[in-house]
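Below are two complexes that have chain A in common, paired first with chain B and then with chain C.
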Partner chain A sequence: MALAAQKSDALEARIARLDRPTAGWTAKARADALARLSSMGLPGKRDEYWRYTDPAGLNLAEAAAAALFDAQGEAPPFDGIDRLKLVFVDGVFDPAASDDPALAGVEISLLSKTGGADLHWAQGLYGTLEAAGQSPVARPFAAMNTAFATEGVMIRATGRAAKPVSLIYLHKSETSDAILHHCIKVESGAELTLLENGPAAARFSKVMEVDVADGGRFHHVRTQGRDHERRAITHIFARLGRESLFKSFTLTANGRLTRNECVIDLTGADAVAHVAGAAVGDGDFHHDDTVFVTHGAERCESRQVFKKVLKNGATGVFQGKILVRPGAQKTDGYQISQSLLLDEDSQFLAKPELEIYADDVKCSHGSTSGAIDETALFYLRSRGVPESTAKSLLVLAFLAEALAEIEDEALAEDIRSRLEGWLSRHER
Partner chain B sequence: MLEINNLHVKLEEDDKVILKGVNLTVEAGKVHAIMGPNGSGKSTLSYVLAGRDGYSVTDGSATLDGAELLEMEPEERAAAGLFLAFQYPVEIPGVGNMTFLRTAVNAQRKARGEDELSAGEFLKIVREKAKALKIDAEMMKRPVNVGFSGGEKKRNEILQMAMLEPKMCILDETDSGLDVDAMKLVADGVNALRDAGRAFLVITHYQRLLDHIRPDVVHIMADGRIVKTGGPELALEVENNGYADILAEVM
Partner chain C sequence: MGALDNDTALEVREGVDRETIETVQAMAGKYKYGWETDIEMEFAPKGLNEDIVRLISEKNGEPDWMLEWRLAAYRRWVKMEEPRWAMLNYPEIDYQDQYYYAKPKSMTKKPKSLDEVDPKLLATYEKLGIPLKEQMLLAGVEGSDEPRKVAVDAVFDSVSVGTTFKEELKKAGVIFCSISEAVRDYPELVKKYLGSVVPQSDNFFATLNSAVFSDGSFVYVPEGVRCPMELSTYFRINAENTGQFERTLIIADKGAYVSYLEGCTAPKRDTNQLHAAVVEIVILDDAEVKYSTVQNWYPGDEEGRGGIYNFVTKRADCRGPRSKVMWTQVETGSAITWKYPSCILRGDDSQGEFYSIAIANNAQQADTGTKMVHLGKRTKSRIVSKGISAGRAQNTYRGLVSMHPKATDSRNYTQCDSLLIGDRCGAHTVPYIEVKNNSSRVEHEATTSKVDDDQLFYCRSRGMDEEEAVALVVNGFCKEVLQALPMEFAMEAQSLVAISLEGSVG
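Take a look at the complex of A and B:
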């Protein structure tokens, strides 16, 4: 009883400063989310789902300060890519820095601006996939996000978007605590590419609900920013219809704490979902990929490809699950999580899981942890390649399978050059 | 060009002494062969010269045009003009053969203070040299040595040598695992590189490679030392009588 009371007090303190709109079309979804959150409470280290990642920094009533990062004139991600830019500064939309949100085949509105308006499609989505994703594992920070989000974009693609929509998150206040909630609906036969980049805030909570209708295609590429001290908890909840496609790739470089949860529900036959990540961490870096893919229909394909490069005491976590429901025959599920440990102080904690209730499926999973291949390193050096360059080549080779999940060549090249930059800056 | 004096080497891990005073001089423009039974230290010598970890030099020296090799990093030795064709070329998944070769060529040029080759210039040269070794474009696109046959791996080594244009080439059992045709192709590649400013050290078990790459000098290595040196006829003697007679004579 004492524990329950403690938990309840901690939750009260955590949400005391947050504001929850009680009017407008999200009001009911927010009230429901608060009820969910109250019954779950905040996570603790004793919770199985938080065994490898300490949620303390996310549970604090106030965000710990995070020093601003100086990119020293380096070009921001996706700089050369033609895209529609929407800029958020510490979680607040910046219209002056953003493009006019007009794009053929796409409707874009802001969560804060739609207040009283009746956005039918979004009303059916806001908090819905998040709520569905609370079972079988509780995700309290996602419910908290739904209840208290201050901003977000509502994007509905009705055709093939002419260019990517690019969400840019700038971090300008050392103590910012941002909560964004995006809803994305890709209608039948439509196609959308969403880009995200930036550290966003000292503490950042983000939920993205993505509903891909039959035959829709959704591509997602994000980079999470190089700020050393920021903390982030992000969730993607995706629901995929028949013959739809969902592809998500994340690059994370630095950050004191990052937990990226991805919950994918394959509900229509022949759907394809790929989720991939490359994380590179040096020093005080804790990075957690927590993925849950549910196969609920026949002949769906899912891939989880996560690679982490860790040094100077950095920690990587992977919790990935494939659940195949009864009747989801001919499922093709693949999961790989690997880490390259550049020294003995770093660690990788992995919990791969398969749970299968259909008898005609193909599922594989693998998890490895290793050091740089010394023989390959010597071979490269014997040809005159300096040690640091040789190591970078081998690290990029290690990450190649995750990077291969980015379909668009220009985006893939952008990510690759970011990684090369990071590696050259972190040679020792 | 290459001067090895009284070289003593042991394995770092188990203190086992492998080289027990190797003396060897290879002059520019010459091809020297080293033959010897298994375990005589031939491959160790090649690795120590190239700078592989795991060995400790307890005495002696090795210089390339007067510069002390043993104090250099492997990449510095390469830039100074040393090249080792590996007995077992290493597979590197995820690194394209072309990327690897271009990185290596340009790293060496940079280390020597020369301009790097542009993508176009590089491509032109590599195509020409690859063609002579019957290496097709597909092989260049694949990751380094991954899925290559034994012959393809050895040809790839020779291509690297041709691109890097080293002064001192060490070939460590380049004939192992090759059929006669593949050996001929590799030997032709090596012979094409022979010139007055370049020297070769060919390590082999068998005379047959030396039929194709004609040596000027043949050394017999046994128990960590060069025990006998002679002309090409020494290789024939080994081929006909084995090592036993020679070893009995010198030991």
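Take a look at the complex of A and C:
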């Protein structure tokens, strides 16, 4: 029992400085989330889904300081893309730097502005998908986020959004600790592209609940800053209706600790969900992709494509699961996790799981780890390509399968050029 | 296919007629070895405490050090918690409601040779197809010109009934006897190696075994010796409410080679019986051990009543450079299987292989796989696992591949395939992959599919009935593993694959 008391003390300390509104349309969801969190407690290294990632930095009562990063004039991501910008500085909305949130086919509101009201269209969504995603694996930081989020965007797409909505997270205070909670509803037949970029804060917790109705289409492309010292724990909870589409791609370039959890529930027949990630890490870098896809309806397709390039002691983690419920026949599930270890200090830890309760399904997963292919390198060099260029080429080729999951060409190109830039800066 | 009486729950699927379902109903629950031998037994009192541990030790005529070793394990076990991480669902086991020691009365005075053994016991093994007379051959081997000799250690409940070909093996320098004899006759070897691969503290079931193991086999193959024949142990559980806890210790000294087979069966009963075994294998420089298992414990009936709870810890330690181990298992029996034969690849250039077929039908649950721990340089491992689920069964592959920082230039290849027959079973894959150096290559592949309709149709168009066709397709699916088995087992395994799936079509 001493242990239970210790656990509860640690949780008390962790949430002592956080503020939970007890009025307004999110109040009930927040109270429920706090109750969930109290019963779960904070995660520890002994928890099955934290065996490869030490949650200590996320459990601390105060965020460890992270030095501010100077991009040295480098253009920010998605610079040339026509988009609606919403800017958050250390988790606080910055109206002056943001565009007017008026966009054809989309309705946008802020948690901080509407939170006091008693009614909001997102009331049925806020905390709902997060709560559903707590079983069978507990996700305490997501519950903590629902209870204590200070800001977030509520986006409802009712038609085809005229341009992408772009969330920009700036980091300006060395010890900021930000908690954002977004709700996104893509109505039947509607389509929305959401972009995210930036380190956000010294410690960043983000939950995004995405409800895609029948025939809706949702695209998500994010970059999580580059070479920042931040720690981040992010969750995506998505529910997909019949014939809907969900595509998410994440580029992570360094960062002290990154844990991206993605929980997808395919509830309508013929839905498609693709989740992809490319991570490049150099030095003190720990990156964890934890993905849980549930097939609950017939003829759905899911793809998980995760690629990691690691060097100088960087660690990459992948925990992926495809769960096929009874009756989800004709499921097509695919999962690949691969790492390229550029030196002997780096490591890759993976747990790619399948759990299948239907017989007429096609599910496969693959996982590989190894160094750069010496014969391919030799071939390129024999053709006159300098060694560093040849290595970059091979690394990019390795990451290509993940990048191919970005449907929009311009966005894919933007990500590709960022990767090239990062690789050339991190040649040694 | 269980719960067939419940017509509403039964969905008649495309291509399945009522007749097939009725055949299925008639077939379910076939188990060839479900009879029991009526023989007078001597039991230790029910339950587990230090006195029982002392009693087992005394019955085996063990020296003090062995008793102390057991007691240390028991004291540790009392403080341990039963692991529950496996995807297995079974009611709590009452460890006090079991007999931990049961031996045929006729074995009270140890027979000097097989001729003195109770004919009832000999008949039991004969009926099981296990030759305890040296002139007999292992049943099922046909077409070989030269009779192949297989030495057998037969274990009946808690005691070893006898070991064949002992003398011939002795001439080659090979020691093959029951572990209780080894404790008495070769204490130095046992002291040196027992618990050195699976320590007393290893896990809940291994610790329990360390406290109460009653018998099992001991093999020592000296330096440079190639064991002249295959060795085998046959385990039979007979007595009711009795757990079987055997311990096997195999040592292959430098440059030695041995192939070891293990088989097991148990009577049909409505209650569950506990089996918690430990197998330790020590492999020194350049030595090689092949360990093959056909696990055919009673799986329970089609409703999931009865069957063996099988919690086994098997581990091979490739201590010397260039040593090699190969595990091959065909898991068709047991209500619950919890088993992860592992390889510690400590010596440079050592190799580990794991080939497994796990079949779960009716209400069976299997959570099985392997661990490949690469510690030495240039170590290689290969895992081929085929899981087949039918009826309402759950089949899980759980495995670990770990490349330590110093295990440079190592290699692993893992393939796990699952086959589902019917829409009420489950097939799961839980691999852990830990790579801590970059010169090693690790590849893991897993697929899940159903029996291919095109293949079935082809077989049917050639005049096979559906059951035969499924058996053929499944045997094809398992081919890679079946080929790795010694011939004696390959035949048995092939027919077992067919039998275990009888009644699962639909």
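To be clear about the criterion, the second predicted complex is superposed on the first by the 423 of 428 C-alpha atoms of A that agree within 3 Å, B and C clash if a C-alpha of one lies under 4 Å from a C-alpha of the other, contacts with A are read in each partner's own complex, and residues count from 1 in each chain.
The rule is short, and it goes like this: a contact is a pair of C-beta atoms (placed from the backbone, for glycine too) under 8 Å apart; a residue touches a chain by one contact, two chains touch by 3 or more.
Keep in mind the model is a prediction, meaning the values are calculated, not measured.
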{"item": "Which of chain B and chain C A:A13 touches, first, second, both or neither", "value": "neither"}
{"item": "Touching partner for A:A56 - first (chain B), second (chain C), both, neither", "value": "neither"}
{"item": "Which of chain B and chain C A:A132 touches, first, second, both or neither", "value": "neither"}
{"item": "Touched partner set for A:I356, first chain B, second chain C, both or neither", "value": "second"}
{"item": "Contacts of A:L394 with chain B and chain C, given as first, second, both or neither", "value": "first"}
{"item": "First, second, both or neither for A:L380, with chain B first and chain C second", "value": "first"}
{"item": "In the superposition, chain B vs chain C on chain A residues touched", "value": "C"}
{"item": "First (chain B), second (chain C), both or neither touched by A:E48", "value": "second"}
{"item": "First (chain B), second (chain C), both or neither touched by A:I81", "value": "neither"}
{"item": "Chain C residues within the chain A interface of the complex", "value": "85, 87, 405, 408, 418, 420-450"}
{"item": "Complex interface listing, chain B residues touching chain A", "value": "50-53, 73-75, 77-79, 83-84, 86, 89-95, 99-100, 103-105, 107-108, 111, 143, 160, 164"}
{"item": "Complex contacts: residues of chain A adjacent to chain B", "value": "373-376, 378-387, 389-390, 393-394, 396-398, 400-401"}
{"item": "Chain A residues touching chain C - in the complex, by the definition given at the top", "value": "48, 326-327, 329, 339, 341-344, 346-371"}
